[in-house]
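I'd like to ask you about the structure that follows.
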Amino acid sequence: MQKEIINQKQAIVLMVTFIMGSGTIVGTGDKSGQDIWIALLIAMAGASIIMAVYARIIKLFPGMDLFDLLDKLFGRILGKFIALIFTWYLFHVGLNLIRNTSEFIRIISLDATPQCVIALFTGVLIAYALRCGIEVIGRWVSIFFPVIIVISITLSVIAVDMYDFDRLKPVLYEGLKPVLSDAFGIFAHPFAETVVFLGIAGCFQKQSNPHKIFNIALLIGGLYMLMLAVRTIALMGPVNKSLQMFPPYITARIIKIGDFFQRIELINAVIIVTAVFTKVTVYMFSFAKGMSYLLKIDDYRTLSTPLVFFTAAYSIFLFDNALFMVKWALNVFPYYAIPFEIIIPLLVWIAAEIKARNDKKTTSQNQSTNSSGSNAGMQC
Amino acid sequence: MPKHKNSLPTVSISNKKIIMLKSLEDNLKQFEDIFQGDDSFMARHFACVRKNKSLKFCLLYLDGMVDAAILDNSIIKPIINAHLPDDCEANADIIINQVIFSHYAKKSQESDELLSAIIMGDSVLLIENCYDAVIVSSKGWKSRTPSEPEGEKLIRGPREGFVEPILDNLALIRRRLATPDLKYKEMTIGVETKTKIGIVYIEGIANKQILAELIERINKVEIDGMVLAGSLAELIQDAPYSPFETIGFTERPDVAVADLLEGRIIVLVDGTPITMTLPYLFEKFFQSGDDYSLNYLFSSFSRLLRMISFWLTITAPAIYVALTTYHQEMIPTALLMSILAAREGVPFPTIVETVGLLVIFEILREAGTRMPISLSNALSILGALVLGTAAVEAKIVSATVITVVALTGLTGLMTQRIKAPIVVIRTALTLLAGFMGLYGILYGIIFVTLHMCSIRSFGVPYMMEFTSLNPGDLRDTALRAPIWFLRHRPKLVSSSNKTRQANRLGQ
Amino acid sequence: MVVLIFNIANAFILTSCWNYKETDNLTLVRGFSVDRVEDGNYFISIETADMHQAGTEGKGKAAIIESEGESMFDAVRNAVLVNVPRLYWAHSTAVILSQQVAQEGFLKVLDFLIRDAETRLDIHPFVYRGEYAKEIFNTTPISAVMVSEELKDMLHGQKFTSKTLLVQIYEVIERLEGEGISVVMPAVCVTEVNGAKTIKLCGLAIFKGDKLVGFLDEDETKYFCFATDEVDGGLLVVDAEHEGKKGKITLEILNSGTRFKARYKDDEISIQIRIRVRTSMNDVQIEEFPSTDNAINDLKRQANEQLKKDIENLIKKVQEINSDIFGFGSLVKKQLPKVWKEKGKDWDNNFKELKVEIIPEVEIVHTALLKDSIKKGD
């Protein structure tokens, strides 16, 4: 089997869609009210630091994913242990995301359909995507990404005369504390979640610059979320935003063009489902890679289908109700994610720096063989 | 590489072999045994007049396959008048070199070669006391003159189409491509049919890896007979279970030449005017030869129309079902009220109504496709009057569904070439819509697009041009930029030589 | 294999179309009214589009369904008892509350509306100025087929009058939850036109919290619109005086913009409202009113004075009712967040004593088609 490769642009697009993913469902935090945009900017600034760490790890050992790296850096036992913890994180968040999607679809329109059916369909789709491989997902997302962007911008533009930017005032009324709290949430929730990409970094084209990938993705994804947050507040005010279960989705409900195009929130649902699907797929892909590393299976594809179905089935029993799900996503998750999004990457980064320095001293030829030009061309 | 399932492990033409002997009578008897029961098999005996009157000849051919004038004037007449020495080994050579007036003559003892020569319309000359037989070209069957293909009409294009004989088709291509780089590689497929396959490509432009892959795949095919290009395509294409075709077909030499210039490879199949072009990517479905001869703005517009039609024709009935049975809130109030009024009294559920009418439309289309023109009037009366007006008035179906199905059909006609995937996807999406509403459709579309992204045509990603995220790559896909912008051949399809226009002075 | 797939597909599609709802079974709700009856139950009257009698032209007749229940949702479900097909709420455009329901608090009614995924967030709430809100559906709409549609159309026509306010339910929520701003809803009443009962929009209903506390009439509503920058059009009738002759001059509002400024000085909050109105002089009832600069300037002055006086009166009235429908509180919060932290807790009292300064700037851009007044030649 030839190695799968996604090029730099596809990686960026994949990451942007990943960042868009859950920000579009449960939205961003609700403590900071109209100051959410400040929280977003702070979160972006924070994320750019931790993303630099992720990118550095990839840059130091191009063509290797996190699990190969753990083995190399920490030895077999400790490496496996860290991989096990990290794989747990991937599984758990993937689980949450599948639940988010099915819960979302169920609440907004298919309220009488059993959740297991929606989860099953989502599972089938993800399993198929994993079977196709990350390269195909990279291509696929390049088709859907422009569609998502065009729809979002169109939605924002047609509502332009309904905006009331006064709703963004007063600035920092409650002080910086709730803003920082939300900023932390946003930092952990979509931005630092890009740690998952460490698990698939082995598929990045070797010539691509990981710093560039992370920075551009952060910029576009951040701007997109900024647009969404400002749109929600300027349309409905912070009160409605914190009241609604799925605020970004609901905003489309009041956007209308004349009498004909109204209730277009389902178009928004297209964006949401696509983005979340991408996100889950990346998680599950990473998860499958982690599991195949732990179980010493060469091809992650053999594992992917059972893993996906297990996760989809398990997602049904995760939470009792949707309220708890949203609360968990907004309040508990940021703290829960600290070890996986910050501590493990930092450890890996430090170890990687030391290892890379040692490597350079001992064998300088190693790298030349390591980074022989990758072949993005033909595969039959 | 997909696995190709071939039904027959090894197929041989016949158990009987010809072993060439010295005696003409013995040899003739062997041939007569093999062609026993075929009355068109002819053996014409004659001898030389001037000298060596004992030296007998026998000319074997299949009546109807040969041009009688060639036999008379180029073979029989010169031999009868010839002066020949006794030595038989020399005889075959002398006959080839000095006697026969033919552009192609060859001596042979190979059983298969001799037999297939006779079958293909050549004649075999047996000589007394000679182990060799001489194969002389004498093909003379009838073929039609090139005419514009019905299925692929162009407004501003040549009125010439491929015909059945493979070499005539090669000539049609070669006439438009005066370069020695145009290569023609002949292969045969089909143990019984011995169909000639011609691989045409331009050296230096066509990708060698793709060519090697193609030859390998054709070599792997073992089948008794190959009558149509389509069945060969199915045997050698990627993703054989997918409804999407990864090999294109054309009947137009001009289109074939344009493909060759883009670095694609043309496969000619003897006996059919349909040629294959590969690799075939998704955007090709939306391209027409006319695009390059009409104004670029208009061509871009037509291409966008075709793409919109493609999406409309697969999603229109599904969206209708989803909106009317799941998401009524999205329908504008006034429209919903007319839909409600139209459905008043119709007994079937919307999903049954829609799927049923889609099937009926496909029946109408299928009936019309292979129907003599004289019957088409009756068909349109049936379709328009009985199914349209009467069914609505009798409250069997609602008028809105008819409208939706008509739109589906119309847009479907516009994208005829993608018929197979369209029918499959449309039906699946409609059922999904009846099951999960718009989410069903969305899931379905995600699945389909994932599938389209996953298939390749001879190693080239099927959706390559749409997924590169490079706006420049759209210049000959979704749009058709002015010719002077189309300076490069498609990536991966062609090999090293990528530039089509030297400079931009042409504008 | 094929049979298996086919059967699985069948099982899904034929047996369990969980959310599949055929349009035949739907009764479109266009609007509904809520009353409170003696025993404390809610009484709702639902205006639906009756498609069963509609011809192919697709115009439904209005049909009224009435039902009663302990809670709103209960009442809505009870409606199914009298009407077999399902009620479909996504196309409802208006909800009319009776005065009693509004006085007791509308939240109990509207919570259902907002929570449900089916209803719209842009549904228009109204308060019925009369006894029973269900009376509204006994009237005959003039241009539309159904009362609810007529109500919605009338509301959207507000840009020609500025005598009512376009309110949607999500705005109600925003105002209700927001600090320093109170809820208003358009009021509706029944009048007679040519002997037939029909509906009329008559000003605004003022809420404090979610309870009705008073009404504004049509003219007051117009001044309310001026004070909240909601004017898109309409007329300004000036009791003008020119060289001793009195008469009415009507200015048509072309556009209007209001700017607010909150000030804090000497422990006192004051609000300055600057209203710029561009008008055209369309109807002159004073004989021989000249189009000279002097006369026009004089007219402008009179218009300014009158506008100022009217708005001030309105604000005084509202301050007595003590419900900050202008959103002065939220203005202070936005412009002077620090002051608001201090004063906001006791806004009810502060609002009463709030000083509001109004600076109208009426401009007369043109005098319609005439250069001068029509003079009577002797």
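Note that the chains are named A, B and C in the order they appear, and that numbering of residues resets to 1 at the start of each chain.
Throughout what follows, a residue touches a chain if its C-beta (ideal position, glycine included) is under 8 Å from a C-beta of that chain, and two chains touch if they have at least 3 such contacts.
None of the values given here were measured: they were computed from a predicted structure.
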Note: of the two pairs A-B and B-C, more contacts are counted for A-B
Pick the chain whose C-alpha centre of mass, unweighted, sits closest to the average of all protein C-alpha coordinates shown. A
Centroid of chain A to centroid of chain B, CA atoms only: how many Å? 45
Centroid distance [mean C-alpha coordinates] between chain C and chain B, Å: 68
So chain B residues touching two or more other chains come to 326, 329, 333-334, 437
For chain A, what residues touch not just one other chain but two or more? 109-110, 113, 262-263
So chain C residues touching two or more other chains come to 12, 19, 90, 120
Contact footprint of chain C on chain B as seen in their complex: 324-326, 328-329, 333-334, 336-344, 346, 349-351, 399, 431, 434-435, 437
Given the complex with chain B, which residues does chain A contribute to the contact? 9-10, 13, 105, 109-110, 113, 118, 121-122, 125, 128-129, 132-133, 136-140, 142-145, 259-264, 266, 269-270, 273-274, 277, 377-380
Of all residues in chain A, those that touch chain C in their complex: 107-114, 117, 166, 169-173, 236-237, 239-240, 243, 250, 253-254, 256, 262-263
Considering only the defined contacts, which chain C positions touch chain A in the complex? 12, 16, 18-19, 90, 117, 120-122, 168, 170, 173-174, 177-178, 333-335, 337, 340
List of chain B residues in touch with chain A within their complex: 1, 207, 209-210, 213, 326-327, 329-330, 332-334, 436-440, 442-443, 446-447, 449-451, 453-454, 456, 458-461, 463, 466-470, 492
